[in-house]
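Paired with chain B in one complex and with chain C in the other, chain A is shared by the two complexes that follow.
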Partner chain A sequence: MSQPNTPFRRYYLPFRGMFDPCPPIGPKVYVVPPNVLTGFQPPDYPQFPPLEALRKGTLWEPFFDYYESPYRK
Partner chain B sequence: MWSYEKKLMYPVKVSTCNPTLAKYLMEQYGGADGELAAALRYLNQRYTIPDKVIGVLNDIGTEEFAHLEMIATMIYKLTKDATPDQLRAAGLAEHYVSHDSALFYNNAAGVPFTASYIQAKGDPIADLYEDIAAEEKARATYQWIIDQSDDPDLNDGLRFLREREIIHAQRFKEAVMLITEDREQKKVF
Partner chain C sequence: MEKQLPKEYYAKLEAIQAIDFVIYDLVLYLNTHPDDAQAIQQYNYYAAYSSRLKTDFEACYGPLRFGMPVQNHQEWEWAEAPWPWQV
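Right, the complex of A and B next:
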């Protein structure tokens, strides 16, 4: 399971019963996006250069979180 | 009043002919946590919210329509050249018999949009908390669509939209902080 190196992911292991019909999916990943951890945006927050910001969807570096499917090999 | 710019907020490129993706994208078009629901929710709630944060709802509600337009473009590109056979293979035969390849405000399961997807309680905290939840649900929906899609160019646009949901949730949280703090009040001890 490939995961981007980011502080915005958490894992849990679903309970495994003795008679579960399917092979285990392994750790379930969930996202804790930057807005959950930040509070009010502090002054002088680091910014992307303007053209990069337009591509990324945010001006603010700490708010950027690239998503890739955790199931993608 | 609005002014319209005749271009998309972010370029939409679709590189594979896969009409099934159009079906999934309809969740963001006419679904409960889709862009239409978001736009209507915020632009309606903005009348009965403290003055300080009207602008947040106004600006984000407006941006949601720009997102809706991107989703519409993606769906249109994926279905405009599809034959009835291809649409049936994509699970869109039911859509076809009612709409041909016209877009309609359905969710991915074909359930038509309803105003009961959105709320306006008139209580600023209740409404803003609903908005935060709506943004997180839309972010999650984008994640699950990206999980299902193997079109890199389409996913690029979806990643942009997902990032905007994160920023919107952040701004709604700040709006809650703005209307809950009492810094202006003089405290006498």
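Right, the complex of A and C next:
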């Protein structure tokens, strides 16, 4: 998977039983949003310009987290 | 269709939407950082800018905000098309 190992991605291995008919998927990825990890927001965060902030969904640059699906090739 | 919306209609609407988004984010930020003077000053700037944009939009395309004075004194346009979901 080309998923960069940013601090906001976590992996886990789904349990596979003895009689599991499906082929193994491998490690599954889930996203931990940046605002969860940063705690109280300092006053001097850089900002996006308005139109870009609208596209990206947040005004504060450190809170933006692009999401590319690790499963779609 | 009898009239098609001009391109600037969408451009102005998107600008209003972007500025209002910034205001929402600043309000949420200020709720938790009440003593951040710089953010308050920025909020005031964007709030004034947003009302200017909306007044300008209403001058061109008819009423946008509820309960605001209207330009067209002959005809009541609030219930006219396009409605928000038709835009």
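One rule holds for everything that comes next: the second predicted complex is superposed on the first by the 68 of 73 C-alpha atoms of A that agree within 3 Å, B and C clash if a C-alpha of one lies under 4 Å from a C-alpha of the other, contacts with A are read in each partner's own complex, and residues count from 1 in each chain.
Here is the rule we use: a residue touches a chain if its C-beta (ideal position, glycine included) is under 8 Å from a C-beta of that chain, and two chains touch if they have at least 3 such contacts.
Remember, it's a predicted structure, so these values are computed and weren't measured experimentally.
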After superposition on the shared chain, which partner residues are touched by A:T58: those of chain B (first), chain C (second), both, or neither? both
Between chain B (first) and chain C (second), which does A:Y71 come into contact with in this model arrangement: first, second, both, or neither? first
Chain B versus chain C as contact partner of A:P50, first or second or both or neither: second
Touching partner for A:Q41 - first (chain B), second (chain C), both, neither: both
Which parts of chain A are touched by chain B and by chain C alike? 40-41, 54, 58, 60
Of all residues in chain B, which touch chain A in the complex? 10, 136, 139-140, 142-143, 146-147, 159-164, 166-167, 169-170, 173-174, 177
Mind listing the chain C positions that touch chain A in their complex? 14-15, 17-19, 21-22, 25-26, 29, 32-33, 36, 38-39, 46
Which positions of chain A touch chain C when the two form their complex? 40-41, 43, 50-51, 53-54, 58-60
In their shared complex, chain B is touched by residues of chain A numbered 31, 33-35, 38-41, 54-58, 60, 63-69, 71-72
